[in-house]
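So that you can tell them apart, the chains are marked A, B, C, D and E in the order they are listed, and the count of residues begins at 1 in each.
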Amino acid sequence: MSPPEYPTPLSHVHTRTSFMHRRTAPGEVPGTLVTDPNSPDPVFQILKYSIDTLYENKNVRLDAILSAPEYQPDDHSVTWINIEGLGNASAVEALGKAYRLHPLALEDVVNAHQRPKLEPYENVIYVVARMPHPEMLNDTEQVSFFLGKNFLITFQEGTPGDVFEPVRERIRESKGRIRQPNAAYLMYALLDTAIDQYFPQLEYYVDLLESIEDRILKFPYAEVASELHTIRRHLLFLHRSIRPLQDMLNAIMREERFVDEATRVYLRDCLDHTAQLMDMLDTYRDVATQLMDMSVSAAGHRMNEIMKFLTVMSSIFIPLTFIAGVYGMNFDHSVSPYNMPELHWVYGYPFCLFLMAISVIALIAFFRYRGWLGIPESDRHHRKTRRSQR
Amino acid sequence: MSPPEYPTPLSHVHTRTSFMHRRTAPGEVPGTLVTDPNSPDPVFQILKYSIDTLYENKNVRLDAILSAPEYQPDDHSVTWINIEGLGNASAVEALGKAYRLHPLALEDVVNAHQRPKLEPYENVIYVVARMPHPEMLNDTEQVSFFLGKNFLITFQEGTPGDVFEPVRERIRESKGRIRQPNAAYLMYALLDTAIDQYFPQLEYYVDLLESIEDRILKFPYAEVASELHTIRRHLLFLHRSIRPLQDMLNAIMREERFVDEATRVYLRDCLDHTAQLMDMLDTYRDVATQLMDMSVSAAGHRMNEIMKFLTVMSSIFIPLTFIAGVYGMNFDHSVSPYNMPELHWVYGYPFCLFLMAISVIALIAFFRYRGWLGIPESDRHHRKTRRSQR
Amino acid sequence: MSPPEYPTPLSHVHTRTSFMHRRTAPGEVPGTLVTDPNSPDPVFQILKYSIDTLYENKNVRLDAILSAPEYQPDDHSVTWINIEGLGNASAVEALGKAYRLHPLALEDVVNAHQRPKLEPYENVIYVVARMPHPEMLNDTEQVSFFLGKNFLITFQEGTPGDVFEPVRERIRESKGRIRQPNAAYLMYALLDTAIDQYFPQLEYYVDLLESIEDRILKFPYAEVASELHTIRRHLLFLHRSIRPLQDMLNAIMREERFVDEATRVYLRDCLDHTAQLMDMLDTYRDVATQLMDMSVSAAGHRMNEIMKFLTVMSSIFIPLTFIAGVYGMNFDHSVSPYNMPELHWVYGYPFCLFLMAISVIALIAFFRYRGWLGIPESDRHHRKTRRSQR
Amino acid sequence: MSPPEYPTPLSHVHTRTSFMHRRTAPGEVPGTLVTDPNSPDPVFQILKYSIDTLYENKNVRLDAILSAPEYQPDDHSVTWINIEGLGNASAVEALGKAYRLHPLALEDVVNAHQRPKLEPYENVIYVVARMPHPEMLNDTEQVSFFLGKNFLITFQEGTPGDVFEPVRERIRESKGRIRQPNAAYLMYALLDTAIDQYFPQLEYYVDLLESIEDRILKFPYAEVASELHTIRRHLLFLHRSIRPLQDMLNAIMREERFVDEATRVYLRDCLDHTAQLMDMLDTYRDVATQLMDMSVSAAGHRMNEIMKFLTVMSSIFIPLTFIAGVYGMNFDHSVSPYNMPELHWVYGYPFCLFLMAISVIALIAFFRYRGWLGIPESDRHHRKTRRSQR
Amino acid sequence: MSPPEYPTPLSHVHTRTSFMHRRTAPGEVPGTLVTDPNSPDPVFQILKYSIDTLYENKNVRLDAILSAPEYQPDDHSVTWINIEGLGNASAVEALGKAYRLHPLALEDVVNAHQRPKLEPYENVIYVVARMPHPEMLNDTEQVSFFLGKNFLITFQEGTPGDVFEPVRERIRESKGRIRQPNAAYLMYALLDTAIDQYFPQLEYYVDLLESIEDRILKFPYAEVASELHTIRRHLLFLHRSIRPLQDMLNAIMREERFVDEATRVYLRDCLDHTAQLMDMLDTYRDVATQLMDMSVSAAGHRMNEIMKFLTVMSSIFIPLTFIAGVYGMNFDHSVSPYNMPELHWVYGYPFCLFLMAISVIALIAFFRYRGWLGIPESDRHHRKTRRSQR
């Protein structure tokens, strides 16, 4: 097993750095679908199941969804249409028309920068969730859900990776309650999966923070400011993504038209997960702030120590150099006995050295008295007290 | 395509810097209209439409509005009167009398420093919105709406540019739902257009912030403080303009007398846009604060490095200069052998140089031991650890 | 017209600096009236009006108010009794007994340090408002209102200036709605006048802030800290005075017993003014904080520059002085050729100067490389980039 | 009259510094009475009154309270039992049994570290209030009230001083409404007295703050940090004691079983006093924070000035000392004319002094240009501008 | 009695430092029980009691619990099943099936990182509480309760120590109300015991804080930053554990199906304890912050003093050294009388020393004037004033 101490450093992970821009111009007709030119073409998947029937097609044509009789919703089964990729506005419009989805909701589907929210419409509820991008830090992917009485339509942005596959597997293997003819439970299962994607990412950050704390404790002057800044920014971004999820889940639980009592118990569990996520986020942000404080105070302490050393050293040498300077003067002793008689004393040089020694001793004594040398008195005292207590 | 990296710098954009003053004196009769002497004379525009009729006049006289039969509101069509420029109090009063607009509301129309709000009156609702000034940063323009059963009266301050033209175009071309005889939907369309004006402005600031981050990352000591201060102040100003828009839109949605269910769905979308704006604003303010922190800590780091260099350098030279000073003293060796015998040793000068070298080596060793030279031990260790992990 | 740039500096305006003390001792019987010994003797003014009658007396005796038949309240007119000065407890008590005012309310009238509030009693509502002192910054004056069905009693502290005169003038000239037999509307008119007194004062502060910003921009190192501290403190004081006004106005609007629907529309306008005041206050406090930050960062920047200059300068001279010191040593060359042979070289002095020049050049190069000299590389680069973009 | 400027300094007033510890062990049976071993033995006082009867005993035995017929509660009078000192658990228990007081409430009575609160029980309401310790700063005393239909039982900790004596006096002299057979009004009177004890203490702090501000203004570098720290801590402590009083008073006003309408008006007044206290506290805390800021910025300013002086001084002398060092070198002119010819010029020394003068002048000019000397340009300019405006 | 001044230092106490990780993978079937591999095997304890019967078994097999007739719940007694250790998923599942506990709740039982909460189910309420780890700082243990009509099931993590033993003892000895057939009262007693565990821990921290304050007051420059950082972090952790307990207790009090009125009074007392805990936490966090501020300002003050000393010292010696340097120059007096005539004056050396003395005196006078020496003028003045006041 590889040593778990140091997680992959931040600089080695793909990170989104630029901000999103809006594509729709002010004054545009509301409900106009402007797709992102970089978005991939949509792939349609359909899965219709009841307790004992199952139709699945992983790459179905739009025509079939709209017309093939086996794919039409009915009251005994759940029809789940999943669209990956938002690059084709007319396909989205056609599907929207067939299932009577409101143009404003469809506009938000293709404008994939929405905050998590629920919008109730007459025949469906429209839910937007966000989950962390599978391969990029500081980025999230939008997942849109249209929940009807007996159908669920989901739109994904089409980034690599397929987080819904475990749920599909559970449907195929009929694990747990999933095959019940209950579209709301299916939406819960997908939402739960999407939200649980945040846990591994948060754990990556906590590993980073632990490794940074480790470094600060071992090497008090380590440079961690820029890393901590980045982490705090990413955590802030996650906070902004996760917080509205709570409102959204609460809104779903209030939608009694589409969500039954039993599913609500499960949604409450999902809500509890987001509460845990928020709690973790808050804790980590506090930890990051504290680590920042610790590293700043360590750096300040270090600078102070350097300055103190310089101060003490130059304070000691300044008078010495002055004395040496004085006896380097060239006053002419031959003119008068007042001109630097010391230079011509028998013990002149020893006297001068003695003067210097006195000055050094006096200054060191003064510094000790003031507690400016080595360990401060206080700490030494405290240690002694503690030692004697044991 | 021109390089998008650097947006127009802040200093090249017109910016409002002074604060507004109130014109009405305390104790004045409420409802007194005191117009701004710099405000342009009003231009009246009228547009009356139903699904299959359309009357438009881009510069109509007030008399015609009040008396011409084709311009009088009726139940089958929407009458939209738009006034650009607030420089004529008596014209505003005459219009207000004809349409029974409350004097307090008219006072707020000409005193164009109101916060966004809704005030319900018996026969109309009075709505104040603010949109960014088209040619000046840190400034907003007030738009006032009087929404009646079958008419809408809008007042603009008369700044250059005509943001409502796209809506007029949609009415003329009968695009979307706009030609329905529903004055509330018209107000929604205009509000939506006004509010969407904030997006390009916010995107300008985010471009600025990205360019600043870029500079900090490339040149850690760049001077960005004053730019960031200005940006934070502008964002604060935008925050104060946009936040009350949310309360105002919520208030409109509660006005069941004038706003039907279908229009409410659209207003909810508009509300969602303001929520997005607030979200962007909060994020950008956090980013600006973090950039400030980053640049402050970079400047501090730099200062510390300079000081450290000075400290190390003077600490090394101080004893050297002292030694040189000592052997520059003029004690008279001819008087006694105690006076500076070193000067007359055969290897006196080499001994002195040796002494100096010892002192330099000892100090450098001490600095290395304390980690005050070059890269701190900790970072070097950490890098090694990481390198060996890969 | 005089130049408006610099408002009267803070130090030239009278400012209250001490805090109020309470006069009533703990354990006193509630409702005991303890008047301020410095408060002036009360002056009684009476004004009784209906749409077509008007009795006014600017200095009436208390007896007349209590007994003269033309001054007794009746259902067809409004009786307004205004008392300026709170120096006579027994007069206040007598009036209170006649109009059945609660002793606790009267205690608050004479203890003129109350926060704005509304207290409903059986037969009246008691309202406390505060307005800025006309001649002193950082001080407010208490105005108390007792609103009955057909009468209004107001108490002022008796400071110089008469802010209610414009309202009295409107009553005399019968301007607007004021002569209607509606005591609540009269109270609104007075409250509105009192609250509007805050606008000129706030505008004084904003002028101050603008002049300070001006100075910081022109002379980055101007000393503005103490002025900004004072301004922030005054703004905080204003905040504490104005905020409870909002609760008080809301409470008045809920008092359906005394306030009719039409007056409520006007009170809403008054409430809107306090919202504007709060908005201005919040903005100005943010601006003051930002100016403080800007000036602190400018001062820090300046200190850093001074230190950098010293550092560079002494770093350059330290080795030079050392070299000069070395060749000032007096080792005896006559004893051995090892003792300072350089002094006796033909090109010894030029060699020494050359050594010094080399040291200077090396250090300057090192500083340039590190970016510690003049404008940092980064800014220069950025300017070039911007220049080439234009 | 003694000069009021300087209040007794903090260091001369008794101050509680240690925190309370809880005496009950986890897992103990709830309702167990564990008395503080340092608490004095209880003294029982009884006072039973109606409008025209009065029984009082200042040191009655517990037996008498429980059995003497004149002390038993009846419907026409109020029985007030006051216990000073909590040192006897069994006496408290006996009284509790006789008056049916809940064991949990009695536990809180003897555990005198409760926050102010109200707990409704079937036959009584239990109210905890705190009042400032009469002789010690940063400490409060707990007062517990059991309010029944016709009796009131109060428990005090037994600290010196008797704050309830003024109320007792009012009962004896039948001042105001106090003799009405209304136990709730008695509780109000006692609560009001207890709460009003906070005013003198707060005024002590405001006097301290004013004296500190005075010192900062007169001597900008006064050491006030530790005093301000202590004051802020005490104010925080007061905040924690007073804030829950508001909730408690609101809760009493909702207790319609025990509190009649008329008493509620008085409690509202009491609530208004706590609102005033909170307002004062908030203001003083802001003032303390601002004074701290002011003193920190003054200290920083002073340090900067000292450093600037050193910088300027050493910058001026460094080149001078270098020049002197150069001409102190001993290069042998007899060997070659290149070795220090200046020493042998006729005007060598004047030339050298001239060189030094040039260097000094150049540096001073540079410093002036940069504005690093004396008063900064900006302030001087500003002063001139202001002077010319007057 | 041992001296209580210094509590065990933080570094001598076991402290949890790493963060928890989640074990369930995203997309897992909800209700899957994934046990912690380090968790001990469960020990089952059963205790069934009514007022006059008592069955207890401290290590019973699961079979017996599920089948033995004396352990089955009945309406006249309370059945309490306590499980210590969560290492066996199938046992938990079997018990859950027998008592109809919801799989989602059981998942939270074994995933022992839940926040305190209440989840109502059809036949039970599920309550999660956290109590401090008995032997490790900064760690808490999860306790889960399933409360039915006549049974209570509790799950503990199985850490050493048995906090519930005092309650068991009370049941055996039938102390207080505990033997009543009321499962809710039993849950209250256990919750109360668990929550009261926080008091000793908080008191440990307050002792630490007091000892730190002591050190700061005695030795102003003591190094306390890292200790205070750790304490603040632990207090933050405790805050996060205790705050949700309040919501949880409030939720229990609203559960009228399972909790009777009499027990609610006791729960209110428990809620009051958590309010006290929160109050203590808030106070201690403020104290820690203030101590940090005090120590930072003390360290800054000390650094300033050191720097001031250096500044004064070098400022005094700089001109002296320069003068000595000047008279150490070797200008050739024999060439011209302009070259350093002072050296050949009769009183040259005394003149030079006099010059130096003048310079020293002038500088010291300047420093005194500026107040840069010793105690600042201001403080001295203040002390005098105070002395004369006494």
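In this text, contacts are C-beta pairs under 8 Å (C-beta built on N, C-alpha and C of every residue); 3 or more make two chains touch, one makes a residue touch a chain.
What you are looking at is a predicted structure, and each value in this text was computed from that prediction instead of being measured.
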{"item": "Shared interface partners, meaning chains that touch chain B and chain C", "value": "none"}
{"item": "Separation of mean Cα positions, chain E and chain B [Å, integer]", "value": "40"}
{"item": "Centre distance in Å when chain D and chain E are each reduced to the mean of their C-alpha atoms", "value": "25"}
{"item": "Chain A, residues touching no fewer than two other chains", "value": "307, 314, 321, 325, 328-330, 340"}
{"item": "Circular arrangement of chains, read from chain C onward through chain D", "value": "C, D, E, A, B"}
{"item": "Of all residues in chain E, those that touch chain D in their complex", "value": "163, 165-167, 170, 175-176, 178, 189, 192-193, 196-197, 199-200, 203, 206, 210, 213, 265-266, 268-269, 272, 275-276, 279, 282-283, 286-287, 290, 293-294, 297, 301, 304, 307-308, 311, 314-315, 318-319, 321-322, 325-326, 328-332, 335-336, 338-340, 370-372, 376-379, 381-382, 385-386, 389"}
{"item": "Complex interface listing, chain C residues touching chain D", "value": "3, 6, 9, 17-19, 21-22, 24-31, 102, 104, 108, 113-115, 117, 119, 121, 215, 218-223, 225-226, 229, 232-233, 236-237, 240, 296, 299, 303, 305-307, 309-310, 313-314, 317, 320-321, 324-325, 327-330, 340, 342-350, 352"}
